[in-house]
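As written, the chain order gives the labels A, B, C and D, with residue 1 at the start of each chain.
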Amino acid sequence: MVSFESDYNNGCHPLVMQHLTETNHESSLSYGFDLWSERARLKIREACECPDADVFFLVGGTQTNATVIDATLRSYEGVVSVESGHINVHESGAIEATGHKVLTLPDHQGKMDARELEAYLQGFHTDEAAGHMVRPGMVYITQPTELGTIYSAQELVEIHHVCQQYHIPLYVDGARLGYALASNTNDVSLPFLAKHCDAFYIGGTKVGALCGEAVVFPHRNADPHFFTIVKQHGALLAKSRLAGVQFDALFTDSLYLRISRNAILWAERVKEIFRLKGYPLLLDSPTNQIFVILSDTEAARLRKKVRFEKWCPKDEKRSVYRFVTSWATTETDIQTLESIVNEKQEE
Amino acid sequence: MVSFESDYNNGCHPLVMQHLTETNHESSLSYGFDLWSERARLKIREACECPDADVFFLVGGTQTNATVIDATLRSYEGVVSVESGHINVHESGAIEATGHKVLTLPDHQGKMDARELEAYLQGFHTDEAAGHMVRPGMVYITQPTELGTIYSAQELVEIHHVCQQYHIPLYVDGARLGYALASNTNDVSLPFLAKHCDAFYIGGTKVGALCGEAVVFPHRNADPHFFTIVKQHGALLAKSRLAGVQFDALFTDSLYLRISRNAILWAERVKEIFRLKGYPLLLDSPTNQIFVILSDTEAARLRKKVRFEKWCPKDEKRSVYRFVTSWATTETDIQTLESIVNEKQEE
Amino acid sequence: MVSFESDYNNGCHPLVMQHLTETNHESSLSYGFDLWSERARLKIREACECPDADVFFLVGGTQTNATVIDATLRSYEGVVSVESGHINVHESGAIEATGHKVLTLPDHQGKMDARELEAYLQGFHTDEAAGHMVRPGMVYITQPTELGTIYSAQELVEIHHVCQQYHIPLYVDGARLGYALASNTNDVSLPFLAKHCDAFYIGGTKVGALCGEAVVFPHRNADPHFFTIVKQHGALLAKSRLAGVQFDALFTDSLYLRISRNAILWAERVKEIFRLKGYPLLLDSPTNQIFVILSDTEAARLRKKVRFEKWCPKDEKRSVYRFVTSWATTETDIQTLESIVNEKQEE
Amino acid sequence: MVSFESDYNNGCHPLVMQHLTETNHESSLSYGFDLWSERARLKIREACECPDADVFFLVGGTQTNATVIDATLRSYEGVVSVESGHINVHESGAIEATGHKVLTLPDHQGKMDARELEAYLQGFHTDEAAGHMVRPGMVYITQPTELGTIYSAQELVEIHHVCQQYHIPLYVDGARLGYALASNTNDVSLPFLAKHCDAFYIGGTKVGALCGEAVVFPHRNADPHFFTIVKQHGALLAKSRLAGVQFDALFTDSLYLRISRNAILWAERVKEIFRLKGYPLLLDSPTNQIFVILSDTEAARLRKKVRFEKWCPKDEKRSVYRFVTSWATTETDIQTLESIVNEKQEE
């Protein structure tokens, strides 16, 4: 059955697997000191044009968010996120488990609005009861967002500017960062991102690796004991080569971008297929997640031949469904989807 | 200067102080085993018509909320509150500091809507991604609310019913419970409250004591190690007599209610004074906190002679201001306020 | 029945109660901004010869320790204490509940040895696996210790010196500080203590108050958001006057010292009574807690007429029992104890 | 350079890599619902003779310990471990970060003594101050221990018996479990272990996998929301196939045991090499970690040609060094080590 269920329902990109296989017999240091982790760090620093960046490899996204945010916040601080932010909804309270509140702002197609952020921060600092409230200590955004939308360079600059005004670090969750970088409408390059935030991570799990996320502190600004923080969060790989080898492959010959471009190419086709047949989209996502509004009977019919996820209810008879592409999506998958969708029209 | 700033800007009720003074020379046990704590527990059980209730005395409200909620929740559970709930706004993240998320619903003049609660709980249990989300493990409401409104018996029954359907304990924060009990529109008695929730606290600090909150588990349903939980939260008084003696006084000859009725009497007069002069109220609060909308110039004029708090901005030129009565409010205070307010009208 | 059970089994000193009574009718600000808290802060700064000290009033000891330690430590740091330290044994895990490990050193009659501290810190910093371990971030000692012993000026200087070498703040738990100050063998004054540590608290609950502990950061070195930290820990009194008035009384005309001296006077007599009759002491405590080794039958006989606590088992037939004096101990109490103890000898 | 540095300084066993490669192109479900995870669960249940066991795959050891222990303990409980226990020393305070104290007993060559455990538990339950102390809520042991020693069946039965008497679950950290199972002196089989504890994990990272630990609740006794707990701890692999495929390989044709036996075979040879040349061992470890006492000059000489870790100082001139074997150790490695060690003797 053809699958558009997620970008983590497959193995890793063949070149990543090949590198794992070819290096498997070699002995190495552990806990991040292995040769491949070091190589991957150099390649990432180069790609970000940040020769001084601190780079760490962790295993998964929830873990990475909890580790970076907990490393940054003081005990009385919280992290500002839009309501639909991954840390606020789908991480089982991992942030709160470290003692910190997620302070929420409304989201606009998944995105934070710089003016709303500024109004909130200004309101906080002039509130006479601020001493009784959780202090904002970090701003968290996702690129792309949970709805597949992306921040433009201008939007990123504005949010970063507000953060700087209020001396609050900005952290960008890049679980699917590749798909933002490869998007047709994107104007935020890796070096631009690195210049306009205090920490971000380059997601591997959802962009062609078996696991692994690369945390980047672009200005050599990691906590001096970040290693210990990673260990305390259960995020330190003994065989760190597992992440190192994979990121070494992903950042060789632009594999990370090539994977992402493949996904974008087919995602644009998915949008087109549904649009042509008159199915409304929830929004015009420029990345690899396409949200289509289907009646429940239409969804049931498609689900006999295609795997995809229900996202959320839309109204009494319709729901939002998500179709996701990845490195593994092929033209054949797209043609299959197209013919299944078209069957409907021909009925 | 006459003060309507809060219900904790004065000492304790004279009868409370008298009891403290008269018992001061006696030796006693500590950590809750003193004679007065035992007496106060009996009187509270009687007032609640809960002969089996577990009753504990803690020091303050934020501490009490964190202790009761943390004692109830499993590590992966959160507490459901309206957005304006005290635990969500003005407790400096004390709940999150114990590792738990505050899950929010909209508030309606400070109150939770039973149908919205039910919709949320039903949605949670049918969400395919529920395993990735914080589980609701307790429902938190305040009586009266942060806006001075109160739940009717019918509303309480409905919320309690939803909680029972979903096997989620209901906890009522009664920091100002007396003012709800004494309100002219109230139909929720202490025994009725005790029957329709799983835990609540009877606030002392804001109702005539120097400090102290009485936590009631009406169905002998306290955690068997609640004593240790209280200690861990830094909420165990060595000289527990301090709370015991005060609650012994407050529950002798209905002092708790008498204090509250005095505050309600004068709060109704405060409302009248402002209404008669055409000042809009934010809402028709039936308890001891009156929220008046004043232009900033009017507020500045009044503040020369009366102390009261700014609550929040209303619009460009106006803000909401709070006037609070207590056991210490006198007819003279009211007359003074009246004449100051009236000065304006006569200009 | 005469009681030597603890120094918190009585009310507050009559002068403290008198001040509470006389000020009760006055209106005041709250949350630490009341007049008496401000006065008490000035008097404490003067007594400590620290005109710049930050002073905060909290409610109880466990809470104070958790608040100060959590305010100081980063998430990956722990606090160093001797094994018998209060935070390590009798605070129900309040430190760990804030996410921090208590790192233990052996105790010597309740005290930490400066050389053992230095050896531990040096070992930590040269351990190749230090990155996988909890970093020491604060040193915690008690003055007097849980066994009633006190650090000499020389010992305090040595510990402080090691802390400074390793850039680790030193915190002194003074739950019973008065009894150290008043001890016949003491050479550590309040100003000397303030010079040789980074934070300490002056215990009120066990030295004549109903509740209350005064935290002192002698070098104006409190966290700028310590107010919020106190609130988050549930340790912020709304009616802060409760603590403020009491400390105002305790630091007027040296009442704090006079209370302590009374307890020391009678504690010395308690030691003498037992020594004269040949009962061994666990150690020669110079403060208000006397630890006597009694056979269980002797203890049972005494307990018919005197209240005192069992401390810990000593050997098969004997245990250590604790006799405590306080502001409330009188010559009559001592004479009663003496005659009861002597009965034995005359049998 | 020949390496005896650790059992995680190499890639995975070739058969594990082969299975990863051969399955890489297949699409699968995620979050533990993939085919290989299900297969691996069945094989592990069979190997443990626990058809009902709940089995979960996590990524690393520290994470697994924190997740299992936090899932079991109530907020006021701690976990009992020997002082040398991994959770107490080398996990950066991961347990305390979840709010729980590690309660320590002395270790005897790394092992807990059942009688000391019983004495501690009995003492706790008869201590009048127990309410002020952290309650023991789980017992943690490691098999093999941090020093390479193993519990005999009799020792395990005794500890389990004490735990049952006091209704405290027993959890066994099996980071290197294979090496215990394969040890020449072992009499604790997987089914026997499963019968005599409440939870344990089968370590993959140190026994031939790239990462992965299999948590087993042998009596279908996992928390019903363990999935959410795993997610909250950042331990849920999106591409769960990474762990599933590896454990599927490890539990096919007894690969897990074969890997372990290879390591034991060569570890015995390592012991012999040092013994024959008169080097004292710290203890007679029956598993894959051999602790040799070397003068620092001898160590320096060996380190020119062999990689191995310094464990801890022994005395002024000597330290303990650790030599570890694994699936990757070959006869050639051993011969090389032998000749290097022998060089010394021939000088």
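Simple rule for what comes next: a contact is a pair of C-beta atoms (placed from the backbone, for glycine too) under 8 Å apart; a residue touches a chain by one contact, two chains touch by 3 or more.
Being a predicted model, the structure only gives us computed values, none of them experimental.
Its interface matching that of A-B in over half of the contact pairs by residue number, C-D stands out among A-D, C-D or A-C.
Judged by contacting C-beta pairs, the busier of the interfaces B-C and B-D is B-C. The centroid of the Cα atoms in chain B and the matching centroid in chain D are 51 Å apart. Our note on geometry: chain C versus chain D, Cα centroid distance of 42 Å, whole angstroms. Inter-chain spacing, taken between the CA centroids of chain B and chain C, is 34 Å. Chain contacts: chain C has residues 75-76, 91-93, 97-99, 131-133, 228-229, 231-232 touching two or more partner chains. Residues of chain A that touch chain D in their complex: 3, 6, 8-12, 14, 17, 20-21, 23-30, 59-64, 66-67, 91-94, 97-98, 205-206, 210-211, 228-229, 231-239, 241-242, 328.
Contact residues of chain B toward chain D in the complex are 70-71, 74-76, 98-99, 131-133, 135, 223, 225, 227-229, 231-232. Across the interface of their complex, chain D is touched by residues 75-76, 78, 89-93, 96-102, 128-129, 131-134, 309-310 of chain C.
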